[in-house]
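Each in structure tokens, the structures are laid out below.
What follows is chain A paired twice: with chain B in the first complex and chain C in the second.
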Partner chain A sequence: MDFHVAFPALVAGRLLLAFTSLPEVLNNDHQLSSPLTSYSRLQEGVYLFQQGFDPYSGGPFRHSPLLLSVFSTVFPLTRFTSPILWTICDAVAAWALVQIWRARQNVASSPRDVLIAASYLLNPYIFLPSLAFSTSSLENALCLSALMCASQGRTSAALMAFALLVHLSLPSLVLMFPLLLLLLSSPVSHLVSPRPLSANLRQLYPLSAEFAGYFVALFAMATLVCGNTSWVEKTWGASLLLPDLTPNPGLWWYFFTEMFDHFRPFFLMVFSVHLLIYVAPVCIKYQHDILYATYLLAGVLATFKAYPTLSDPGLFLSMTALFPETYSYLRHPIVTTLLHLHASLLLPLFHSLWLTQGTGNANFFYASTLVFGMANGAALLDAMWAGLRAAVGELKGGYEVVQE
Partner chain B sequence: MPEQLPQENSIPRNQISRVVHKLKSRLRGTGDRNVSRIRRRRKMTGLLWKSLPTLIVLLLSAGYVWMLAIPIPQLGQRTYIDENALQPGQVRTYWDWADVHRADRYLEGLEQLRNRNASSDEISQHIATEFAKIGIPASTQRYSFSTTAGETNGTNAYAVLSSPRASGAEAIIISASWLSRTGEGDGTPNLRGASTVLALANFLKGYSLWAKDLVFVISDGYLDGMQAWISTYHGASQPNMYAEPLELSSGVVWTALNIDYPGHSFSHLGVFFEGLNGRLPNQDLINSLYVITRHTAGVPVVVYDHLDPYEFPGRKAELAGLPAWLPPAVKDNDEVVEYGYRAKDVLRHVKYQARGQASGVHGLLHQFRIDAITLFAVPATGPHGFHAIGRIVESTLRTTNNLLERLHASFFFYILVGTHMFLKIGMYLPSAVLISTALMFGGLKAWVEAGWTQEPVQPDSVAVEKKGPLDGLQTTWVTRCRPVLKPLGIMLAMHVAGVVLFFIISRPWFIANQQVYSLPVFALFSAIPLASLLLPSSDTPSSSEAPLPLLLRALTLCLASTVTSIISVLNFSLAATLAFTLGVPLSLATPTRSPLLRLLKTVAYACLGLGWMVLAPEEVKHAVWNWEVLGVWFAPFVCVVYTPLLLQAAIVSILPP
Partner chain C sequence: MTQNGGGFAHTNNWAVLVCASRYWFNYRHMANALGMYRTVKRLGIPDSNIILMLADDAACNSRNKYPGCVFSNKGRHLDLYGDNIEVDYRGYEVTVENFLRVLTGRMDPSVPRSKRLLTDDRSNIFVYMTGHGGNEFLKFQDNEEISAFDIADAFEQMWQKKRYNEIFFMIDTCQATTMYSKFYSPNVLATGSSQIRENSYSHENDNDIGVAVIDSYTHYVLEFMEGINKTSQTTMQDLFDSYDVDKIHSHPGVRTDLFNRDIRHALVTDFFGGVAQAEVLPHTPLEFTMSTNDASEKPHIVPSVDAFPFFEGNTTEPQNAEYGSHDTSLAHPFALQFIADVTSGKSQSNITYRTARAWVSVILLLSLVGWVGSRGR
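Showing the complex of A and B:
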């Protein structure tokens, strides 16, 4: 199928879905939007802001002041504009994914393009949150745009997109180091032929400085919009301090509902630092193919971040389409698929048993988030294995590969 | 890799460490750690692979045996009251013969209306007037449903008695439908049930101890009236429903009692509890009612309307549902009778729950998180009447009035096998899960089989070194690729066909002329697997690409297993029925060589998957009505999940291997 026909067709299909009554049904679903990305909270914040109240004085609003200013002035959120904006986000993200693929293959176009775009636009983990108008779609689009620009070597654009992403979602900072390394190396696949990183690491300093510049500028803009810095605690602070324990498909919320208060700071620190400890090992081990390291760290974020929605694992799974050279080395793809199938059926089911039917309790939903965590973990571990195993190649004559 | 340590150095001096060392070397092997690990892993996978067919058969039979064992007398535990606030049967009841007399007067009025064949409006007006005479705010509500089977309309009457002691944030519903549940709503009027509610309204108003609002509802029809009333009460709208808004409102409803008293008198009080889509009420409510009925009113209680065989020694075998041809020695055996009686209860439960049907009007309230049951006065010539049922309801209302929070405590998953015995979730759930595990293993086995093929080895290379016979039959295992897009496409197409099937059977023209259309639709959808023969076969040889039927089998079995095990938490009866009907048939869905056998298998799967359309036309009509009016997803589930799975099995069988 021709990419120039299929891509608009897929996007048009998404737009049609967004204009049905589905968004209203999905809007407040806990799996599709977290307190940090919820559409109704965003609307609430915009309303309060327009009425002259400080939206950050209460608990519900945790979006960035930049979103607040955009959606209360130039781009009002209505029943007509929101479907268009969120469809554009998905289209941009899918387009960026295709561009990353092309940059990785070093071609202008390939027959696989349609499949790559479809793997993003038809991924239920991606389009359901997007139909619920969760701002995590926006974050995904920014993340993929940053990666696209980095793959194409457009340094400033990549850093700007990434600064905006980190501004909107602080945990994405985990991706910073591999993104900078990606700017210094190339996105071309070296999984099969590993070699040490050839980049000059001194160049990291100017890049980091540029990133910091953009980031501080965004910070200043946000503070200007808000009038004070109270937004920092409400937005960035939320993903570190976990003030809102609304259930979500991640692993944090239940753990911290059960926690005694005097242990809370310690475990908040442990959970946050835990996200960071993966960065260095993954970047060192996969230094020959930094794009793959970024992909793995996106998987880490999807599994372990504080307020995930289904978009985060969706991003990781859709990015899998970029690395077909690892497929034959996956150890248990069917098990991972079945785990995901079970989890994606159990999550809404147990959610409704607990909160709609009232026959279950919080432990039910927690159990299904554990299954989901296992599914994500299985996908991540298998991707790590396959990425390294690809270098060894096909084995003949009863040899086996062991990991020491 | 670590170097191997010299053996002499590692030999320990004393006896114990020598034994430990021996054990270690036995467990870990003596050579290189990695080599022994690989050997161990290969041995284990080899063992697992060799015993996998046996394991699957074992799991399947264990699941089926467990299902049959659910009613055995040794299983189950005594019921108990979990919520301490309930305190059932601890109050003195005040319902008296004067109230019975009043109920008789109300009954006379209602009987006159029935004899005159009065309209719904007239009846509800009469009832609302009676409520108003008592001094309780009352109103009526007209409603209509338009369904493929035609229009249904009626008028509900209801009254709200505000709580004298609290703000009315919570409420209890006491209801009776105009038609009794006898024969699943065959048209028997529930006059005494309605009279009981009216008399209770008059009686309960005289007491100031109610901490919750009491809402009295006399709904029209059997299920339709209450559906209109309760969904309007909760502000839920339905596209095919028109209902007047309610003039009176109250708070959150926690519990509800529905009174069904169709006969002249009653001998036993039965309890019906299954709700829409398999939702059950909290077991505490049922247990409280049993305690109260037995100890406050002295009325014998039963599950549903199944009379206890031990009360009627002469009719033991008949009441336990044992077939007449059994020898007397078996029929008189107490264990067998108990098994039969329990099996009867379980089967009745499965019949309601699997189809997502409400076993009474109470079941409609479950969708709004209200724990509700129906008290069914089993019709008989005596000895109980208004006096007993009034006291039972009064005491049960006092019990639910005690609640400080909703009934909770995960007491929602059970199978009642008797009035005082029940099975916890762990006692019955594994039966369905075992069968679905067997399906999953079968699917994974097919997946592994699809990934490997045997190829003859070139005689000059490896074969010479091996000691096997050198007759050219030496083979080696090589991997082949498994293209999943095609089988996934077929599966998707089958489920889409299921959606089309559901669309067809819920059309008015289909429901109106079922005898005419059933057979052609059945034939059309049974022919779908045959159409798969027209699929272009791939050009690549089977040595490099897995055959389509094997891949389809693997994915179908995995999907069937997933669906079964996940449904089991939501609606065990449906999952058990699925496991029962899919377990063995899907395990037998293998690619076959003989053309005749292939065709026979396909026909068998088509009949199993679609036979309901021809064999049970009434059931189809009923299920579609249930979907349209009550939102029971049994009909769409069968069309979109169950039938497609069997059609996929048919395709696996018909495709050439």
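Showing the complex of A and C:
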């Protein structure tokens, strides 16, 4: 099917869905939006801002001040504009994914483009949060745009998009190092022919400085909107200090509900550092194909982030479409698929059993988040294995790969 | 106006339901108390606000052919025990001392919250007692008795310690009206099932349970209450008018001299129900700049404020003339400050300043993005 027909068709389908009453139903679902990304909280914050109150002085609003400023001035959030905006975000993200693929294959267009776009737009983990108007869809769009610009060699655009992404969601900082390396190398697939990184690492410094410059500029704009820096603790501080224990499909919230205050700072530090420890090893091991390293770190974020929604593993799973050379080396794709299927059925079921019907308790939902974590972990581990195994290739009889 | 107001001054409802007699043949007393329990629960008083004292366990009595169930009519149509029941004082815990301690609040610190009457000066309390009684006494547990003076003094202690706004005292025993003859505290409305030297009678027996299952007076009161729901505007006068001496076989009495309000304006749900009353802020001209954008399908702080208060008495009420003077007690100080801030000029300029800042920030952001995009490399 022709890409130029299929892509608009998919986007139009999404737009139609967004204009139904489905968004109201999904709006407050805990799997689709977290306290950092919820649409109703965004509306509340914008309303308070427009009435002259500081939205960060109360409880619920944890979005970035940039979103506050945009949605209270140029782009009002109404029943008509929100579906359009979120559909545009998804369209941009799918387009960026296709462009990354094209850059990776070094072609102007390929027959697989439709599949790539469909793997993003038809992924339930992606379109359900988008229908719930969760701002995690915006974050996905920014992440994929940054990767697209990096794959196409447009440094400033990539760094700007990434600065915006980190501004909206601090844990995405984990992707900074591989993104910078991607800017210095190329996205073209080298999984099957690994060689050491040939980039000049000295060039990292000016790139980091440029990123820092954009970041500081955005920080200044955000402080301008608020008038003070109280927003930092509320937005970025939420990922580090975990003040809001609303249930979400992640692994942090239950752990911290049952924790004694005495141990809280220690475990907050452990969980945050845990995210960082993956960066260096993954980048070193996959230095021959940095895009794959970015993909894996997106998977790490999906599994271990503080306030994930379904969009984060959705991004990881949709990006799998970029690496078909690894498919034959996946060891347990069916197990992973079934785990995901299992988790995606269990999560809403146990959530409803706990909070709607009241016949279950929090442990039910926690168990389903553990299954979900297992599903994400299985996918991540399999992707890590396949990425390295691809380099070994076909085996002659009698040989076995033990460790790459 | 008295220290407690009256009229719309109660904010919460409590019930103390006491069945003071034990043994299987006093099944009807347990059923009386349980019938009242079900009624006040149905009308909205939560278990946390009900002290239910049952001197014996009829439901799990070895003589009960229907274990776990207590019925109050012949034919056993409605189980009053069943699921979702909280008995606070059971069996031998129902003593005169415990009853008086519950009323006065003078308890050992180790007594749990569920056994305490945690009322304040805006609580309306419904006190219901049933058992075997006589001239100015009520028998507890077959071995002790409480006198009318004891209850009267307990109510006075409660008044002195501001533990109630109004009390409705209902008693179903023989010579019941003598029990409230000694009250002397204000804001107490009392009613009893029979006069001095008169017995109260049971209503009917059930052939399978084998004993009388309900008393006449309580039966007809409960039957009257069947027609009441949470929004009912039925008054206490209607309740007292419904007393039918021929059916009850005794002369019920009512004592209203200590009650400050007119019982034609006191609602039944003021005592039997847990109806929450919204206090509406007085009329203030609020101008809300409804912004052009719809981000407010959200909590618009509704100023539908020249609303009528939802309580009885917006028709007559000399008391409500003081409505204006209740402003400060009605409106929470924070709410007033909020309204003052919004309507004052300083917040208008605040809003424009904020919008200006937001616009500047957005323009900067868009120009930065545009510049970066146009750089190409």
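As a convention for this text, the second predicted complex is superposed on the first by the 403 of 404 C-alpha atoms of A that agree within 3 Å, B and C clash if a C-alpha of one lies under 4 Å from a C-alpha of the other, contacts with A are read in each partner's own complex, and residues count from 1 in each chain.
Here is the rule we go by: contacts are C-beta pairs under 8 Å (C-beta built on N, C-alpha and C of every residue); 3 or more make two chains touch, one makes a residue touch a chain.
Please read all numbers here as calculations on a predicted model, not as lab measurements.
Considered on the superposed chain A, chain B and chain C are sterically incompatible, since they clash. In the superposition on chain A, A:Val402 makes contact with chain B only, while chain C stays out of contact range.
Looking at the shared chain after the overlay, A:Gln43 reaches chain C, while chain B stays out of its contact range. In the superposition on chain A, A:Asn361 contacts chain B only, with no contact to chain C. In the superposed model, A:Ser136 makes contact with neither chain B nor chain C. When the two structures are aligned on the shared chain, A:Ser272 is found in touch with neither chain B nor chain C. Which of chain B and chain C touches more residues of chain A is settled by the count: it is C.
When both complexes are overlaid on chain A, the residue A:Thr73 reaches chain C alone and has no touch with chain B. Using the contact criterion defined above for the overlaid structures, shared-chain residue A:Thr336 touches neither chain B nor chain C, since it reaches no partner. Touch criterion met: A:Gly227 reaches chain C, while chain B stays clear of it.
With the complexes overlaid on chain A C-alpha atoms, the stretch of chain C that clashes with chain B is 199-207, out of 199-207, 289-297 or 325-333. When the two complexes are laid over each other on chain A, chain A has no residue in contact with both chain B and chain C.
Of all residues in chain C, those touching chain A in their complex are 288-289, 291-299, 342, 347-348, 350-351, 354-355, 357-362, 364-366, 368-369, 372-373, 375-377. Residues of chain A touching chain C in their complex: 40, 43-44, 46-47, 49-52, 65-66, 68-74, 76-79, 153-157, 159-160, 164, 214, 217-218, 221-222, 224-225, 227. Of all residues in chain B, those touching chain A in their complex are 1, 34, 37-38, 279-280, 366, 369, 406, 408, 410, 412-413, 440, 444, 447, 462, 558-559, 562-563, 565-566, 569-570. The residues of chain A lying in touch with chain B in their complex are 334, 338, 341-342, 345-346, 349-350, 353, 356-361, 364, 397, 400, 402, 404.
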